[in-house]
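In what follows, subunit A forms one complex with subunit B and a second complex with subunit C.
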Partner chain A sequence: MMIKKADQESILKLLNNLKNDYNIAAPVLLKKGKKEIVEYVFIDDLNDIYLDRQPDSSPKNIVFPQNSAIGKDYSGDKLYDPEKKTILWGVRSCDIEAIKTIDQVFIEDEMYTDQSYKANRDKTIIVGLSCEEREKNCFCDALGFNPIESDYAPIYLFIKEDQYYIKIKEKEYESLFSSLFDGDQTELNELLKLREKDFNSSEFEIDIPIPLPEKDIFEAEIWDEMSEKCLSCGVCTYYCPTCYCFNFFWDGNDHDSTRYKNWDSCMFTTYSAHASGHNPRDSKDKRYRNRIMHKFSYHPFNYEGLGCVGCGRCISRCPVNLDIREALKLTEKYLQTKGGAKKDG
Partner chain B sequence: MVKTNMLPQKAEIVDIKQETETNLNIKTFRYKFLDDQFREKFSFKPGQFMMVTVYGVGEAPFGFASSPTEKDYIEFSVKKVGLVTEALHNLKIGDKIGLRGPFGNGFPVESIQNKNIIFIGGGIGLAPLRSLINYVLDQQNRSKYKNIQLLNAFRSPEDTLYCYDYKWWENTENTKVKYTIDEPCEGWSKCVGYPHNLIDEELDWELPDTKFFTCGPPVMIKFVTDRLKNLGIKPADIITTLEMRMSCGVGKCGRCNIGHYYVCKDGPVFTLEQLVEMPDEY
Partner chain C sequence: MKNYDQITEEIRKIAKKILNDKTVDKVIGFGLGTINQEITPLFISKAEGAKKLVFNKNSHMSLAKYLLNYKNEDVAIVAKPCDSRAINTYLSEKIINRNDIKVIGIQGCPGIEGNTACLECEVRNAVISDYDVGEKISKKKTNQLKEEKDFDSLSPEERFKYFRNEFERCTRCYACREACYVCYCKECFTESNQPEWLNKSVSLNENFTYHLMRAMHMAGRCVNCGACELACPEGIDVRALAAKMYNTATEIFDYKVGMDQKQKTLLAEYDVHDSEKGFME
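Entry: the complex of A and B
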């Protein structure tokens, strides 16, 4: 492990040099109409980097683009190998854990590896960013994640005012930062201790068995109440850093058609509709149940870990104020009134 | 671990059979991979499926209707119901399509050896069963299995499928084939009625050495499996295959799940024992 220390100016200088060989993706403050929002984009001007708060959208669009051409169907030519490596700068713990979740599904699955996703991920270097304080709706620590630092990023930034401490955990990335001064491990440890102490704990606490018992919770009469307000707009899934459902789309003609992989949403009404008209999830309570169950029951059952990282974006973004924390509380209450939570195999 | 780039292999339509008479809405397509090397290496199990791409239109899953003992081609029966199936129906012999797969678990061809086998198929639900029927009735395989019975159900005489197979099915040793339609019809001398009502009368079996395979419209699967269970057949011996909307075929895109199972990779073949443990959402 290597520790480096630098001020803002040296960091910008370093990134400016790295820009020759790498794409840099980072959160940027964008003006959209009257609103200011922070999103991850591939940047030209490094002064645009904005790390002051949790970005409104996750870096999912960098590792798993909303719309990407994967190949030519008729000729079989693939279209997904990125030329340059990408440095994904300033990613918070929740979003790093979310990338880990998607990696589990698309890369580390025992049965199938998604080559287009893997090609992209192989060329992405995640640089983490330690959180200084809790944002309005986030609750990653209530789910067992650490907002100060996630193990899944090989490089991590700890910013205190104008000072950057950079922790480089993997040897292969040390050379990227060789132009910076060495940092002091003890100094960084002090900072981390202080940060851990000062980080106000979550008001939201939850005690449910993971994975949620599948049949029991599926049949619980709680889903109507939870989803009553839902508009099936799907915005929660688009902002969700772990939602990875996709669909294929085509353009072109019968001799030259391009296959695109696009984000899809299990909250859309026709998402699982058959051509015959039959739809296994034909009402919003069933769709909402599937989303919550996928995150807290199905995904934990099929892979390790959770399908939700507690970033709180679905809460901030929902037009009718649906709150995933309330869904978890209702589930917890249901299990308690049923006479204690039982683990499900 | 299989690496998938989700892009299809090119194949040619080498034959098209019009199955149903007046409805004209079911055709059986015979495909042949263009790449010789790929074709020689290609293998699959009855009960598995392929994603079929109509170039420039889209892609949909279809269960194999032919047996893997046929080395030169693969067959799929397609009912015209949506965008991709309609585009397929408009294609002609010589046209090219794309194929990805095979996907799914397939029928348990090994563990049913030395057993009696009963097939109960309804309408186009007979397609995936035909892959297994032709496999177990194949000369090379027939001796590995005991008595085989088929109960093929169709809406009317005009909705029958695979008429060209009936003769050789019926003429294979230790094999009984029954046919039924929903309503009585002039000139029809075989069974009449829904298949679940005919199980007691028309089929006979010894327990525990009989395996039951059924596929058809969801409501038929439900009635048939209920009836079989009530007749004392173990849920583990009742085997069916499910249909769901799918995009990727490898358990990633998210739409075909029933609880934590993905029909595309954990299925599409399930025993009734598994189905009763799954959430009721299919």
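Entry: the complex of A and C
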């Protein structure tokens, strides 16, 4: 492990040099109509990097773009050079854990590896960013994640005012930062200790067995109440950093066509429609149940870890403020009153 | 004009009464969400719950669409003037029964923050109501859109540029469609695969197809409430095309949708004297 220390100016200088050999993707504040939205984009002007708050969109679009042509390089962006690796800069703990979740499915799964996703991931270097304070609707610590540091990123940034501490955990990346001054381990430890002490813990607490016991709650009457206001749009899934469901389609004409892979959403009515016309999830309560069960039951059952990282984007971006925390509270209450399975049970 | 707090109080009082005396089984209204000042649809079935009902500057959702989930049930609904026009349209299209619903109509609606549609609102008072809340105010005819964005004076290239800029960032999450009271089709053209009107790619072409085709379905049905725009997570000017349809219906046919429950929808009625502007001349 190596610790480096630098000020904002030296960091920008460093990135400017790295830009020659790497694509840089980072959060940027964009004006979209009347909204100001922070999202991850490939950048040229490093002054655009915006780390002041949790990005409104996750970096999912960088590692797993909404549309990608099968067998071709990701080429949705002028600033993306497929010959270069990508430095994904300033990713918070929740989003790093989310990439881990997607990796579990597309790369680490014993049955199948998604070659195009893997190729893209192999070219991506995640540089983590330690959270300084709680954002509006996030609750990663209530789910057992650490907002201050995630182990899954090989490089991590700790920013205090204008000072950057950079922790490089893997030797192969040490050379990237060799131009910076060495940092002091004890100094960083002090900062971390202070940050852990000051970090206000989540008001939201949840005590449910993971994985959620499917047989106890699948037929429960809670889903109707939970999803009553759901509009069945795809916002929660599209902005979710862990939702990875996809669909295929052909585009082209009789002579030339390309197979594409694009995001799908379990909130859409056609998501599980069969060719026969039958749809096992023909109403929104069943679709919402699938969303909760996938994140808290099926994913934990099939892989280690959770399918939700507590970033809170589905809460802040939902057009009707459907809150996943309330859904979990309802589940918790149901399991407690119905005497469902106990934790780890 | 009464303020949000006064209207809130009146809504609570009525909801409590009609739940108590079993006039209705459920009241659909607005409540405080989990995010500061954000509003969320609320479904109350016990009189004690009536105190949770709220009406504030963020009550932007069009609740009318939820009526479709409670067909043949006795429900009451809190309706802003725009939502009341949506309810009238549902009644005129005969997809809900007048006897099943009670409308708590907001008279003299103080408007919704950040909703440019409110500046263009032509009614300001609920046009269907069983229980009035607020206080009727005189109609004010405004046409802010023409002043703000006069698309007619722009060249086709400039217009295309404007909408390309907007639709480019559409992720086709369909929040605009789902938030819209008009979009209640069991199968939307976007989901049809025989024929496949548009594929699932999120490209400029397909995004344009989606928004233009949706706009065409809005003629004579859009009440210009702005719910689509406020639902959009990408801040797209979704309402512009629908508002154009709305204004065109007014201009050519002097038609205003949803003013009366017996009124036929624009395309359901033909009059030999109808203007055929842009069609046969």
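Assorted remarks:
The definition used in the following text is that the second predicted complex is superposed on the first by the 326 of 345 C-alpha atoms of A that agree within 3 Å, B and C clash if a C-alpha of one lies under 4 Å from a C-alpha of the other, contacts with A are read in each partner's own complex, and residues count from 1 in each chain.
By our rule, a contact is a pair of C-beta atoms (placed from the backbone, for glycine too) under 8 Å apart; a residue touches a chain by one contact, two chains touch by 3 or more.
Note that this is a predicted model, so its numbers are computed, not measured.
When the two complexes are overlaid on subunit A, subunit B and subunit C sit side by side with no clash. By the document's definition of touching, both partners, subunit B and subunit C, reach A:Asn247. With both structures placed on the common chain, the touch criterion links A:Phe268 to subunit C but leaves subunit B unconnected.
Counting the residues of subunit A touched by each of subunit B and subunit C gives the higher count for B. By the touch criterion defined above, A:Phe218 reaches subunit B but does not reach subunit C. Looking at the shared chain after the overlay, A:Lys78 reaches subunit B, while subunit C stays out of its contact range. In the superposition on chain A, contact of A:Leu46 is made with neither subunit B nor subunit C. Judged by the touch definition given at the top, the superposed model places A:Tyr112 against subunit B, while subunit C stays out of reach. In the superposition on chain A, A:Leu192 makes contact with neither subunit B nor subunit C. Of the two partner chains placed by the overlay, only subunit B lies in contact with A:His278; subunit C stays clear of it.
With both structures placed on the common chain, the touch criterion links A:Ser232 to subunit C but leaves subunit B unconnected. Closest approach of subunit B to subunit C, taken over C-alpha atoms in the A-based superposition, is 6 Å. Overlaid on A, the two complexes show subunit B and subunit C touching the same residues of subunit A, namely 247, 250, 264. Within the complex formed with subunit B, the residues of subunit A that make contact are 70-74, 76, 78, 80, 105-106, 109-116, 211, 214-215, 218-219, 244-248, 250, 252-255, 257, 259, 261, 264, 266, 271-276, 278, 280-281, 286, 290, 293-294, 297-298, 301-302.
The residues of subunit C lying in touch with subunit A in their complex are 33-36, 38-41, 43, 61, 66, 69, 114, 166, 169, 171-175, 177-179, 191, 199-203, 230-237. Looking at the complex, you find that subunit A touches subunit C at residues 32-35, 37, 66-67, 136-137, 228-229, 231-235, 238-239, 247, 249-251, 260, 262, 264-265, 268-270, 315-317, 319-323, 325-326.
Remark: subunit B residues 1-10, 53-60, 81-85, 96, 98, 218, 243-245, 247-248, 250-260, 265, 277, 279, 281-282 touch subunit A in the complex.
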